[in-house]
């Protein structure tokens, strides 16, 4: 038999509540209790509102560059909903919704984008890493974090988020490969939002799915409608069960779309068609869940109005907390370089505006000791 | 339909002349004319002999670390046999056999391992890059080289070789991904020899095949018995035709085995079983082709004896050429840093053993001009 | 002559070289339709086609590694790395291959490429968008390292890099991308790699600097009211020690200014060289005003980190008083 | 006390810390059954199990990136990079993350890891197996950089790194891995990071060096017959300028010796600091004997590149005669 089959494999796609409001009872029933569903909806609404507020803050010069999460909320939210509180959540920068659900004070995110490292100082009990600016690098940390838990015999997993663009980086490959070959329970969650700034998805991955990247490692993988919170929750449940039970990694491609610009520094009209955006506006995860709840009779316009008010109040409180923080000490950036500050650094800090030669004042003080 | 199939795929394995001497006529007939087959066998014999000689040179202190190619000859040889003379051959360090077939003077390889850069100065008409020491890095160069040809509208392809270990590096991923998404005609040839120094293949890739790494990119891929020159030639023909015609990349996993130590600095008995090695000795590509030729009546013991003599003579001539080269000038390493040597570097070169302060002799000459 | 920003001057240089030489191709993240995140390559894809201005996957090692292959294959690739903080993933391809290929092959294979990289702080950008890693590449033999401080210099130096037979890193100080305009000749011209520019002459002291800091130095000099000579290195490897030596031998005093952390920064090398060459002429130790040995802070504090006219003026005064 | 090579001293330090602290785990290429290509981790997998001594995939960024995660997760990982030439692919994880995590999170997350890396030339190895990139990491704020020059120092310094709450790069000069033996106490001991060692005292001149070059310096001193003080920095960040200053103020002259290329090497920083601190005491410019600004040649010529006793002696004589 000169030609045999060395491997045969396939990838599933999961969708439960589709863009037309079709709901699959077989998978969706009892997946998310009504009370939880309302809570998740409220989470999304807050996150969406904060995006809006942040955009305005940037435009009015009160904040630096900010990446909106708009349209992608269901992915990180569904994940955070399924994960345990002590599972690591290792995100990029479009996972605000999941982070807030986990308990991260939203002003932390604003502070980060306001150019303040204190936005990254996070309560360790939240098991959350800070926003990752260098694309594709954080998945290795997730792998190491999950490995540390495994080493201690704990049953914690790590879930890491990244974009379609990030899957082009070498570090993505190395993280997947380490996890697969060393049996580390990491869930790799790719938010395929079809764009990496102005570069379309096919330049990052011309294969029919991003999910198939996992086949390279023999890793379990699924493609999921990332604008469908039910599908995300379903896939995350499979993934966490698998990871926790077998100590093995899992890959989820959440198919979604970046409804806003890449960041406030970007203007997406330069490179993408309004029609495409319009198409995806119809698939907005928030609209989808709201219509579903209305159809089920657990949501109505008066609840919506009340929520809008609540969210309005909450976001302004968040902004107040972010803007109300005292200015950082001007030597703040020296103090956390090391557990113990080296003497030379301490001298730099102390003399930073008062002296240059002065770094060795004795030298100036006593020119009479000259021998040279 | 909540769960659908997003992708379904499979990978073929090709074997034509198997380890038991079974030959598949349907694929193998007319694949390699007899005269060519004899030539290929002679190429392998020379390469194997040179391995032996190099080992002794190292042991007797006449050469530095050397990586034997023993057992893997069929892969690069089959590739070089199929490629055109102006297709780029971008290898690692276990592709001597293919390089010699291409026309690289074998003493170049010895010179490299004798610590002499002149071993890397290669006639540009050979379309060969030098031995790549940093693992996994050269596949990107192959991609760039093929891209340059594509840019100029030529029909050249590049074929790059690397080990199973190399597929763990991020650069491997990036090279595959660039080639797949930018449509660049590169043939990625992985010599899966089951070991990366002491680390077994499953640590690099626990998936059932290395070939499936290509599925991540939607790239055509095949697993091939790398100790079967017929299978290699068959797969290379498919790959080159595909690459040349469609301008698309192709992946080949050549399943083979490193019969020797990793290099002369290694002792494989520390970490692998003699039984495993013995098993693979039976699958030696040289033995396989010799037995086949004998069975076909195109080879016999007297030809073998004549070849042994010829190869003996050739290898000693090669060693003589490598050892006979004049010693490099002691400033050799300065002269090729840039097309034009910067003045400061020229000064370093000129004064390198005669002066330290002297780099600015005027300063010493005239202390009387002191003002400080 | 046109009155151009630094961004426009670079764009013009690229246009002119691409028109002259079809071996010149651009590649990188968002360099195509979007014209780069700083709009440096604006309009080029439209003008030269998507074969010559190529959006790549998001992978810096891939960008440089394939560019090395393109260069070995006879082209003149101009990869862009989006911010200096993302040179990291490309470090290995730059240092292990681009810088080594010519000498590794004793001239057999060469890598004529120009890596364009926005560099430095002062624009309120996020983390890893404000660093100054030039010393890393200066310490890597086999590379040429260039950093202009004005539109005029940018055009002439970039054209020099694009025509250079060896790998160049062309650092573009983003703080002055659009900070001011300057008359830039329409015609092509080349500024030689390895030659400094004396920005202003003076007798009392020499200041050596490069990139965006040159602007801060000019402010400090004005503030100080002293007669100070400002030497803009323009190219950091090879660097013009002769110009520095001549100036310091004349003035006897020197301050070096750069944004990168002080320890291991290129200022140390210049200071050591000045000592080697001008020892008997020095009337005060060479001082450095630099970034501190900390991570560049997020933007709320970035101006506390970056050398500014005040800090430079302080060093001038101290050095003068020594 | 036992008479140990540097390899054995490191192995002993690892054994003792692993016995005391089960957060210490080793990972890297071939560190397991094979005991590392230099046999530094020989016997450790057998002793501590394959959970604690882990052969990883061949991917340096992966090794460091996962080690960062392990460290943030509460362990004390000790990744090995097989040769300094392969730090390149890990550069980004080291510099963008390991060095930054503590200050990025203002102390919230820390990365206590020790990267072990064989370094330097002189062993007839292939390309990229003989380099000296320490200056790169010294210029990266947030890292501690250590390079012992003897078995005794190696043990004490490695234990200091393993217990340090911040990321350390521990460079192991491979040229002296087995070049000589030294009495090394059985008991654990810690040598403080940031303190130099005065190898021998002298009046006429100071030599500052580190790593394998210290041995060449001792030969040169012997050869010269002069009274020379040799300061071995031991740790390169933070570095002991007080010790250097004290010595140079005493002797008035200084030569710095290192294997890395001269331009941008750490010698420049030391020389600049000496000028800053000892200007009025200097009787001659500080000289540097270093690698040249070329790629480290393949081994036929490596001894032409590496500073040797002759070149150092020459610099001593010239500096003395100045």
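Labels for the chains are A, B, C and D, by order of writing; each one numbers its residues from 1.
Just so we're on the same page, a residue touches a chain if its C-beta (ideal position, glycine included) is under 8 Å from a C-beta of that chain, and two chains touch if they have at least 3 such contacts.
Small disclaimer: the values here were computed from a predicted structure and weren't measured.
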| message | Need the graph distance between chain C and chain D over the touch network, please. | response | 1
| query | Farthest from chain C in C-alpha centre terms, which chain would that be? | reply | B
| remark: Here the gap between chain B and chain D, centre to centre from mean Cα coordinates and rounded to Å, is 34
| task | Averaged over CA atoms, how far is the centre of chain A from the centre of chain B? Could you give it in whole Å? | result | 41
| request: At least two other chains touched by the same residue of chain D: list those residues. | output: 56-57, 59, 61-62, 85, 88-89, 92, 96, 103-104, 127-128, 141-142, 237, 263, 276, 279, 282, 284-285, 287-288, 292-295
| message | Going by the contact rule already set, what residues in chain A reach two or more other chains? | response | 117, 134, 168-171, 174, 177, 181-182, 203-204, 332-333, 337, 344-345, 357, 363, 367, 372
| task | Name the shape of the chain contact graph, picking from line, ring, star, complete and other. | result | complete
| query | Which of the residues in chain A end up touching chain B in this complex? | reply | 1-16, 24, 26-28, 168-174, 177, 180-182, 202-209, 211-218, 223, 231, 372
| field | Complex contact set, residues of chain D against chain C | value | 61, 85, 88-89, 91-92, 95-96, 99-100, 103-104, 127-128, 135-136, 138-139, 141-142, 237, 260-261, 263-269, 271-273, 275-276, 279, 282, 284-288, 292-295
| remark: Contacts from chain B onto chain D in the complex sit at residues 64-65, 112-117, 133-136, 165-166, 168-171, 196-199, 203-204, 265-266, 270-271, 327-328, 330-334, 337, 344-345, 348-349, 352-358, 363-364, 367
| query | Any idea which chain A residues touch chain D in the complex? | reply | 88, 117-118, 120-122, 124, 129-130, 134, 137, 140-149, 151-152, 158, 170-171, 174-175, 177-178, 181-182, 332-333, 335-339, 342-345, 357, 359-360, 363, 367, 369-372
| note | Note: in the complex, chain D contacts chain A through residues 25, 51, 54, 56-57, 59, 61-62, 65-75, 77, 89, 92-93, 96-97, 102-110, 141-142, 144, 164-166, 194, 237-239, 241, 245, 252, 276-283
